[in-house]
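Two complexes, one shared chain (chain A), two partners (chain B, chain C).
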Partner chain A sequence: MSTTSSLLRYMARRAVDRVAVLFLSLVLQFLLLRVLPYYVLGIDPSFFFLNPNLTETQRELIRKQFGLDEPLFSQFVKYVLCLFTGRLGYSFYTRRPVISELLERLPNTILLLGTSTILTIIIGLIIGIIAVSKRGSRFDATVIGTSIFISAFPVFYIGLLLLLIFGFYLRWFPLAGTVSRPPPKDPVAYLADVLWHLALPLTTIVVAGAGGFALFIRNLFLTQLGEDYVLTARAKGLSEREVMYKHVMRNVLPPVINILALELPGIISGAVVVETVFSWYGVGRWLFDAAMQFDYPVVQAVLFIQVVLTIVSLYIADLVIAILDPRVRLR
Partner chain B sequence: MSESPLKRIWYSTKNLLFELRLHKTGLIGLIILLFYTIVAIFAPYIAPNDPNKMQLADSYAYPEWFAIFPKYRNLPRNIFLNIGYHDWSISIEGDNLSVDEVNGYTVIIARCSDHTSYGSVLMEYSFNYSYDPPRRFEGEIPYRVDIYDATGSYVRIKCFIITPSGRSYELYDSRPIAYNLSRLDAPGTYDARDVFLKIKLGFSPHDYLGEKIFNEKGTYTLRLLVQVFTVKGDGYVEVKLANKTFRIYGMLYGLLGTDNLGCDLFSNLVYGTRISLIVGILASIISVSLGLIVGLIAGYKGGITDQILMFFTDTLLFMPILPLIIAISVFIGKSLYLEIALIALLSWMGLARNIRAYVMSLRDSMYVEAARAIGASDMYIVFRHILPQLSPLIYISLVMRIPGAILLEATLSFLNLGDPSVPSWGRMLYNARYAGAFSRLMWWWVIPPGLAITFLALAFILLGHALDEILNPRLRVRR
Partner chain C sequence: MLFPDTVAIALGACNVMLFEVRDLKMYYEIIGKGLVRAVDGVSFSLERGETLGIVGESGCGKSSLALTILRLLPANAKVLGGEVLLDGVNILKMDLEKFRREVRWRRISLIFQSAMNALNPVIRVGDQIAEAIMIHDKGIRKNEAMKRVKELLALVGIDPSRAKSYPFELSGGMRQRVVIAMALALNPDIVIADEPTTALDVVVQAQILKLIKDLQRKLRLSVIVISHDISMVSELSNKIAVMYAGQIVEYGDIKDVFYNPLHPYTKALLYAVPSIRGKRRRLNPIPGAPPDLLRPPSGCRFHPRCPFKTDICIKEMPELIEADEGHFVRCHRFEELRGVAFG
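Up next, the complex of A and B:
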């Protein structure tokens, strides 16, 4: 059996698995977000956005426009078909296409989550690797202690503390929003303004995430360094550097890639809590607001995008891992 | 040799505690946890007030111990007066009037005579006020007027406050009452926030009346004037006054001040311990049980059962948990126990996978095969051979799952998705964020609840790590 064909077979099998998971998660979402509130708990979403003075016929008409009068099954079929063809429907609240509202917020979220994810990974990697190379030292102990301590903080509380100290006490950073109102005309000033607004939410996410990631990296390396193959490699007389980069790295990468694959979809779907704390005009806050307003098309669309992205990015991770580690394919 | 399971659990717990002694971090975790538990159990005795009781002091009051700083030394304190018959200094004007105490009420009786007469009772109460002007004060005058066979007679009750320099403000005027009226249950009131009162006294609606009236230090006098007009005849008029209350809401209160509604923040903090502990422990127990059941069945049965269960588990793992919980709790939430169930239902998947993998390896081990060979039932094997092997993993997961549940509950409450009647730390922070604690720089409101969450979560994390090292010697890393 050639390497390529085994890889292809493995990836095909994975693809079937992932699509099945995607389908089931769509069913679950549909059950939880549409069937459960409407058919079980009797909460009619139209109740929240219709004018109470409308007559019954007018109500029916509006409900018909949103396709709420059809039988459940056909609603579900339509829902799935539309999601996959990119028609994400209309927001109950603003009556605007979900996709156009999404595109409005997407740049902000990608800016915030993209930079913070990259920073978290870089800082976490550096600290983690330094800690493991100096294991047992005071630096290592500090990293462990700090990471555990930070992991006990609720993310929103880190945000609130930063907001209180740097926003309200010192007044160095703005209290809310994505850009000043009115936004500066000059593009350079505009960029500076956005970065100024970005500082606190960015710091929050990095502080909340980097410690845990560093600890994860450290422990990962540490378990690998305890393995017999490392002992063998050292016994062969390889330098520490060679052991690290040639042997350990190869075994450490798969879980790291998996974690990264799980992080990436967040860049699109945003961080609900941090965006809410800092009133960031992004997808996460939009999702939260929509959920609070029973705006199901929005909630479903964002959750759908998030699930699809998770599945796709994990699939890519599978591919990369399968290339790096041939053992995986035979499972 | 068969010991009772209870005894076994007792021995293992004792051993565990004994070993914990040697782990410094575990011990710290245990001590913090013990502290929280004591606070949670004795919350009603530690907290001075009901956490939901409003108007204990002015809104946004400072903590009492701020008085040690000169800047806050003169902030108004709570002055709650409850003035009864014996406290008033009473002077009567008019010969047909008598004032007496009956069952704790001050009763004024005006007898009709052969001519119409007019009399009044002046009741005065002086108190010392030596702080900065307060923003708010209010008072109640519970009274009851009964007119017996004296139609045409009337009573008028007024209330004044007189400042040390002699300025007099009329706070309350009942207008002439010429009929039977009981305002014992719904007393006549005046409130410094009342716009009409402000205008009547000649101030702007935007002024704080308290600041305008109590801007001097010295002896203030509350004056209650009961005027009685009686017609000719032989009936009488009876005015019954219950204890009059007068409250100046202070700006210094309790250990942590008050929130926007005048609730005691310290009591909220103390009671929040209960919520976090309940949520953390219950959610963890439910979630571990679910993970255990699913993992056991999937791992032990294998085959198609395993595939279906794991498929379902994977699907849930792929779902974004926080957005999903938010979306569901919007229509299902607002109840603590539903919230716990929701947290538990969406957090068992990782453990189920771990347990499944472990059970699979155990299932194929020699001793299980041997047990099966001598005809042991599945139930026997699971309970006798597999579960005991799993117990370290279960203990550790039980502890390690708690901080996650606590943080998730705090997050949900902070997003205003929690039970509004429950005083949780997340809710305190939500209030702080959206009721103006930040712009007032009330760090004593913002910082304690978050630190309380953090240290509780930290206690469980430390304990979990210590348990991990004790129960999982194989995981100890080579250095």
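Up next, the complex of A and C:
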């Protein structure tokens, strides 16, 4: 069987699975965010208009506007169609279209979480590989100790600590925000200003994550190094470097990619804490605020994005792993 | 042709002493506990085309011996003495980089214990064999290497088209054949087979043994077979070394050791094997357990399990001495115990 045809067949099978998961999570979202509040808890959308003088007809009109007079099934169909076409409704609080607010905030979150995740992976990978190739050394022991020590701190605590030292006492970095108000006109100054604001939240995420990731990489390599095929490779006369990169790496990468795929959608939930601590104008803080204020359209939109992100990134991971590991696609 | 017959005959004719291990000592260091004497004064020699079997219980140091020879020991292992001579050169003292390029696989290759795990699961078997060829011959092109891989696979009785298979697509027996083909890739002088048939069923075991035997004759290989299975070893070897607690306790021609065992441990091992033709009897395991090599027994290491022990056995370690011509034994009382059966 050729590699490509078996790969295509495997990916088609996985696609069916993934679509099923997407459908299920949409049903769940629909139930949690629409059916549960209105039909079970009796929370009326007109409640959010905060006007006690609304007449019953006006209330009826608002309900109709939200489509709550239609049968559940057609509501669900419309719900799904709207999500996929970007008609995400209006925020109960700002009264602005959710989609436009989302497009303002998403780049900030991608900037913060994207750079910090990439940095975390690179730093973790390098430290982990150095630690495992020098296992038992002082460097290795330091990595293990520090990683465990840092892992004991919650992310928000690390963030607050950095904020207190470098923001409040030393005044090297700003205390809050994504960019100064008013923002600098000059593009270079603007970029510098954004990076200045980015420094502390970025450091927080990297410090909180890199150690754990390095430990994970170290242990993955360590279990693989005990395998017999490593001994075979060494006996064949491969150098230690060739053993690592030609033999061990190929067996270590699939689990690493899996973890990364699972972490990618976590970017948004991870953003909740850090963005709140640093008052970052991003999606994470938005989700948090919206959830606290029962701003259903916003919560809906962010969760939808997260579901799609999860499914897409896992699908890409499936593809990469299937290319790397023949046992996955051929069995 | 893998090995031109004329060359094989020429080399066979001169029958030079090819490989010699002299008083090899390798200990594992366990922090806070001391030294595990895994290989403790082992000596043997091997001529071209000869097969030496090394037998012993699990944990007697036989696999450690193989790892010491190929210098594949873990970091806590220390070679504390002795030498391993390949054509008169002590390969333990050789520069590691030179050893890696010139000795590993090119002169000494290894057939591994577990056919299941000895191959990298995510690389095609053909590529794994080709890799062995290509790292030692940087000039060779991939397609030339693959041509050689196909010859090798045919040699071990595998359809050459299986070069494209992954290890999990092959049966246990086929995987072991691949491992053997890989071991022969560079026409090595010496092949060390460490438990080449464990984890295979009996029928496949017999096939693999026959394959190794045929190849050994055809290619005039020197083979070191390591196993706990004395009958398997006897199928393949001309010479046999019985190991106990890191030491060789008996060494000699296979017929001498088999028909005229001198050491009580060898007698016990042979007595433990049920005979098909002999009269029916219960299985006779050797009482007791192999000693802790962190604190080996005083005197003769076998004395706690030996029914013939006397005071001297407890006090003094016996030397390996030549009892008959080419037949060595490490026992104080072998002379008076000649012909005395174990049990």
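Criterion: the second predicted complex is superposed on the first by the 317 of 331 C-alpha atoms of A that agree within 3 Å, B and C clash if a C-alpha of one lies under 4 Å from a C-alpha of the other, contacts with A are read in each partner's own complex, and residues count from 1 in each chain.
Keep in mind that, in the parts below, contacts are C-beta pairs under 8 Å (C-beta built on N, C-alpha and C of every residue); 3 or more make two chains touch, one makes a residue touch a chain.
These figures come from a predicted structure and were not determined experimentally.
J.: Based on the superposition on chain A, does the combination of chain B and chain C result in a clash or a fit?
T.: With chain A aligned, chain B clears chain C, so fit.
J.: Is A:Val206 contacted by the first partner chain B, the second partner chain C, both or neither?
T.: neither
J.: Could you say whether A:Leu303 touches chain B, chain C, both of them, or neither, answering first, second, both or neither?
T.: Once the two structures are laid over each other on A, A:Leu303 reaches chain B alone.
J.: Pick one for A:Ala233: touches chain B only (first), chain C only (second), both, or neither.
T.: The second partner, chain C, only.
J.: After lining up the shared chain so the two structures overlap, which partner does A:Arg250 touch, if you call chain B first and chain C second: first, second, both or neither?
T.: A:Arg250 contacts chain C only, not chain B.
J.: With both complexes superposed on chain A, which partner does A:Pro326 reach: first (chain B), second (chain C), both or neither?
T.: After superposing on A, A:Pro326 lies in contact with chain C but is clear of chain B.
J.: By the touch definition at the top of the document, which applies to A:Leu215: first (chain B), second (chain C), both, or neither?
T.: The answer is neither, since A:Leu215 touches no partner chain.
J.: Of chain B and chain C, which one contacts the greater number of residues in chain A?
T.: B
J.: First (chain B), second (chain C), both or neither: which does A:Gly136 touch?
T.: Both partners, chain B and chain C.
J.: Of all C-alpha distances between chain B and chain C after superposition, which is the least, in Å?
T.: After superposing on chain A, chain B and chain C come no closer than 7 Å at C-alpha.
J.: Is there a shared patch on chain A that both chain B and chain C touch, and which residues make it up?
T.: Touching chain B in the first complex and chain C in the second, residues 136 of chain A appear in both lists.
J.: Using the touch definition from the top, list the residues of chain C that touch chain A in their complex.
T.: Chain C residues touching chain A: 70, 72, 75, 100-101, 104-106, 109-110, 112-114, 117-123, 131-132, 135-136, 166, 168-169, 179, 182.
J.: Any idea which chain A residues touch chain C in the complex?
T.: 136, 227-229, 231-239, 242, 246-247, 250-251, 324-327, 330-331
J.: Note which residues of chain B are touching chain A in the complex, please.
T.: Listed in rising order, the residues are 311-312, 314-316, 318-320, 322-324, 326-328, 330-332, 403, 407, 410-411, 414-415, 426, 429, 432-433, 438-439, 441, 443, 446-447, 450, 453-455, 457-458, 461-462, 465, 477-479.
J.: If you look only at chain A, which of its residues touch chain B in the complex?
T.: 17, 20-22, 24-25, 28-29, 32-33, 36-37, 41, 43, 135-136, 148-149, 151-157, 160-161, 163-164, 167-169, 175, 219, 222-223, 225-226, 269, 272-273, 276-277, 287-288, 291-292, 294, 299, 302-303, 306-307, 310-311, 314
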